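Heads up, the next two complexes both have chain A, just with different partners, chain B and then chain C.
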Partner chain A sequence: MVQYWTAILTEAAIFGVLALGIDMIWGWAGDFDLSAYAYFALGVYVTMILTIGKPSPPVEYILGWHLPYLLAVLISVVVVVAFASLIGAVALRALREVYFSITTLGAVWAIYYLVENFTPLFNGYNGLSGLVDPMGGGLSYNAYHYLFFGFCLLVLLLAYLVVMRLSRSPFGRMVRAVRDDELAAAVYGRNVFWTKYRTYLTGAALAGLSGSLFAAYIGAFNPLDWRPTEIFVLYAAILVGGRGNPRGVVLGSFIVYVGFVELTRYIPSPSARPELGPALRQILIGLLIILMLKFRPGGLIPERLGTDDSRRRWSTGWLHPRPRASVKIPEASTPLSVESSDS
Partner chain B sequence: MTGAALLEIRDISKSFGGVVAVNRCSMTVREGTVVGLIGPNGAGKSSVIDLVTGFEHPDSGSVRFDGTELVGRRPDVISRMGIIRTFQSPREWRDLTVIDNVRIGRSNLARESLFRSLVFARGLRREEAKETGEIRAILKDYRLDDVRNSRAVNLSGGQKRLLEFARIAAARPRLTILDEPMGGVNPVLGERIGEAIRDLKRAGSTVIVVEHNLPFIEKTCDEVVVMDLGSVIAQGAFGDLRDNSRVVDAYLGNDDE
Partner chain C sequence: MAANLTHHHTRGCRTTFRQERIERRNFTHSPCSRLCYGHFQLVAASFLTTFFWLGSGSEQTRGVRSVRGDMNIFWISVGSGIAVAAILALSAVAFTLEYAVSRVVNLAHGEILTIGAYAAYVGENNFHQNLYVCAVIATVFGALGAMALNFSLIERFRNQKPLSTLIATLGASLILQNVVLIGFGGASVSYSFAQGSILHVGPFLWTVLTIKVMVSAVVVAVLIYLLLQKTRLGKALRAISQNRELAQVSGIPARLVVMQTWAVAGAISGFAGFLYGETIGTITPTVGNGFLLLSITAAVGGGLGRPYPTLGGAVVLGLVMSIASTYTSSAYQLVIAFGFLVVMLLVKPNGLFVRGRISTVRA
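Up next, the complex of A and B:
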């Protein structure tokens, strides 16, 4: 039982890193990206081919090195960012909103079918398998799993601290200004594309990192493991936790990954219809998104606003909650009224 | 008020499809003046602003700001040279707080670097904390101090207009271009906006105001430029233009309100 929970929590931590990355792209910069799951998958593949060694026929894939895990993680993140820089350069240049989403959707399916059908790359449909061992071997099965869980938590914590720091920095503020009104941001000297692009690549780096962790969590990875539509589970996590708030995003990831795995475990799947369980899971996630949007669109911990309180620190947010979206404007301060301001 | 030429527009033209919006338009704006840009609807006033600020590129002609050519540059580059403009409706950053809206006016790209935000977060926070007093003073000036910690989207239409001016005051541009700042504004707030423009001038900014409200223009501007059909038809002091028959025709003979 403890092992079971460790596995679920490890998975939640890994996807928490991915959710932090996607939230930078969507929550901060406002770009509803659909290709982040490909960056995650690329992180898995690259980490595997760098660590699991040469393929033995009929299995085939490129490289097949035996690098130390941490070095492989570093290279994977670099490869993923390089790859995202191409897609981002095309999609972010002039496309926004639904046009941006469609472009990234096209990109992710192109990658998906390429990986699935071009066997020499990552062994196509059958995928890769092999042990990625970040601890260097010599541990018992249990010790390994607990250690790896601790490692994932540590990476999630580090990712969270980095993202939180950026979120509350002048950089994070500028990214949100670009999200709210690009023209006004340009009027005040901000390079809209470059701002969005940097945010996009930082988010992609986190996606690649999370893929590297996942590579060590699972022993095999094939296209069935990363249907691009899985990204909506992450968007559900972000919506539940609080779009634009790193703390909320981590919370949402744990709620959705732990809560949903648990909930859907008890859904009866009659042997005649084994697909019922997974289908219900998708339906429940859709329902969750709709309910959150309807009743608490900001999420459980909504995006935090920058106030004049210079004592604010990232570690005290729970103790001293900040004003949130629903701040009332005092009547007395609005002696000036106008008719419609459109002309 | 007789400064050197700050903005020189020479023979710029722009067509959209078959429609000539700006037709060999030329004007000079001297440093330290408040210039009213008037003309009937469709005269090309807003198009000229777009051409100057890089949101549109002219088919021909040149725009020089303090001797530097602006044509072909991006809006953000032009802005960093010291030109801030507004649009016909207020464009606040809706989900940022009022104080953050104004802080961005004062902040700069060096401070917003990804690397510095990551590595020198504490120093940046100190840097911003030092500015807080000044930002609060600007907010008080525009009666926005009480609402400084609420999201800009919650402001009334009039407060959004004032927020635009607070942002500009924080940014301290050399040239401010206001596109119909009085649109949908009541008389009391109108007074305040006139005052805000005089404050900008006092702070050393040159101002161009596009506006239909002629009494407002007369009171606020040192000089007036009249446009019709994409070209400048007159330029001078307001009093001198009142008797100019072309100006009167343009305003009364066309479809103006």
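Up next, the complex of A and C:
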């Protein structure tokens, strides 16, 4: 039972990181991105090919190195960001809202069919298999899983703190301002494209990171594991928790993952109809998305804007030491003259 | 809306307040960003070239490559392109009609096609494989499905942002797809209509069934034209697509007309789903979903919300896809479709057959 819960919670933690990334793109910047699951998958693939070693003949994939896990994570995040920078450049340049979503929908299916059919890249339809071992071996099965769970929680915590910090920083407020009114933000001197682009790349980096974690969690990965429709679960999680609010997003991904896994466990799935359970699960997710959008679009913990100085208890301001009171800020000695020099 | 606004921008007229707003909306196109724009087109081009390079290197393509010079292959691929375009045109026109009256990018559109295809499959088993009865059944169930979708979802989300409606239709797509999956199982089912003999028509190579499909598609397209131009419903539909509130205060029963439009669009897509299933022979619960992206690409490529440009976009996309996939591999059809979509959105975001300038496009 403990092993079972460890497995579920590990998965929830990994997808929590992914949800934080997607929430930056959708919740903060307002770009409904459907290709984020491809970044996650790319993270898994790249981490695997960097760590599981050379392929044996019928199987083929590129590279096939034996790098240490942490280095592989770093490289795969870089690769994912580089890839996202291409799609982001195309999709964010002049396209917004519905047109942006259509473009990313096209992108994710194109990537999906490319990976599925072009075998030299990631072994196509059959996918990759091999153990990615972050701890370097020598641990018992249980010890490994408990340790890995702890590792995932740690990564989730770090990601949460960084995202929370970003969310309340001037950058986070700027992203929200651009989302709410691009014209006004541009008038106040913000570069709309660059703001959205940076948010997009940060979100993609988090997606790649969660992909790297997932690579160590599973032993095999093929295109059936990342059908682009899987991303709806994450959007359901974000909607339930609270779009744009990192705290809500983490809560939502735990609720949806743990809740849905637990709920669908009790749906009978007779051997003659193996598709019944997963199909009902998908239907429930669809219903959840529609009902949340209609009746509670803010989610359980709605987004709150502002600098949050009044709620010090929950803020992560301690990460950034404030200037101490003893430091004197020099007064402006010469008041700025109103008259311009050309008069 | 910005796309519509810029479309009204005519040269030579006095600068009005509204026009100033339009100008300001295009703030992203200062001289500097014009320079950057070329840069991004370059990025997109290299991205696509990589795709095609990857595509041309695969195992299956090497055999085809040797006959690249053969004109016959080219004309046969044009012929199959026309056949694909015929079905695509119907699906895309239905999609564009839905957008025209409800301003919604209906991502559950593919599921209406699936409903039509499966209704025809059930009909085929119960009505002695009569092609025409099956077509009628597919049409009726497509219309019912679309009306139910409009009533239960689209109208309820009417006052929300287009993006919210889009997400809601995604949820609906998930629900419908899995209801079909539960009802009919995940394994593919097949029609048993005869494909008929293969005919050489000029340089093209078609089966009898393909010709029937194309003829019926043309007939439906003519019917759509008559409906839009010659009937009261068509007139009301066009009025609503331009401004729903204004149409309503002029005495047009908007809610009813929208519902009727959805019924028409659903009928067309149900029929298109049947034609598609008939052409490829086997259907699965995801058959429509795979066709969705192509319909969107055709509609956006031609001009979203405008029926006739959409028809043109579908023909162009069908030909491009068919010819390009003949020389690479049919597995890369969607990759090619996406390339087409991106190029269209970058170069002519308002559509291939719609006059207008490049501007920031939002729904």
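The rule we apply is simple: the second predicted complex is superposed on the first by the 306 of 343 C-alpha atoms of A that agree within 3 Å, B and C clash if a C-alpha of one lies under 4 Å from a C-alpha of the other, contacts with A are read in each partner's own complex, and residues count from 1 in each chain.
Quick note on the criterion: a residue touches a chain if its C-beta (ideal position, glycine included) is under 8 Å from a C-beta of that chain, and two chains touch if they have at least 3 such contacts.
Nothing here was measured: the structure is a model prediction, and the numbers come from that model.
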| item | value |
| --- | --- |
| Touched partner set for A:171, first chain B, second chain C, both or neither | first |
| First, second, both or neither for A:293, with chain B first and chain C second | second |
| Chain B versus chain C as contact partner of A:76, first or second or both or neither | neither |
| First, second, both or neither for A:104, with chain B first and chain C second | neither |
| Touching partner for A:184 - first (chain B), second (chain C), both, neither | first |
| Partner chain(s) touched by A:303 [first = chain B, second = chain C, both, neither] | first |
| First (chain B), second (chain C), both or neither touched by A:202 | first |
| First (chain B), second (chain C), both or neither touched by A:93 | second |
| Chain B versus chain C as contact partner of A:162, first or second or both or neither | first |
| Footprint overlap on chain A, where chain B in one structure and chain C in the other make contact | 183, 186, 192 |
| Interfacial residue positions of chain B with respect to chain A in the complex | 53, 55, 74-76, 79-80, 84-97, 99-100, 103-105, 107-109, 111-114, 116-118, 121, 124-125, 128-129, 132, 135-136, 143-144, 146-151, 154-162, 167, 171, 180, 183-186, 188-189, 192 |
| Touch list for chain A against partner chain B, complex | 162, 165-166, 168-174, 176-177, 179-181, 183-192, 198, 202, 303, 305-308, 310, 323, 325, 327-330, 332-343 |
| In the complex with chain A, residue positions of chain C that touch it | 24-25, 27-28, 33, 37, 40, 43-44, 47, 51, 54-55, 57-59, 105, 107, 153, 156-157, 160-164, 166-168, 170-175, 177-179, 181-182, 185-186, 293, 296-297, 300, 329, 331-335, 337-339, 341-342, 345-346, 349, 358-363 |
| Chain C contact footprint on chain A (complex, rising order) | 30, 32, 86, 89-90, 93-99, 101-103, 105-107, 109-110, 113-114, 116-121, 183, 186, 192-193, 229, 232, 235, 273, 275-276, 279-280, 282-283, 285-290, 293-294, 297 |
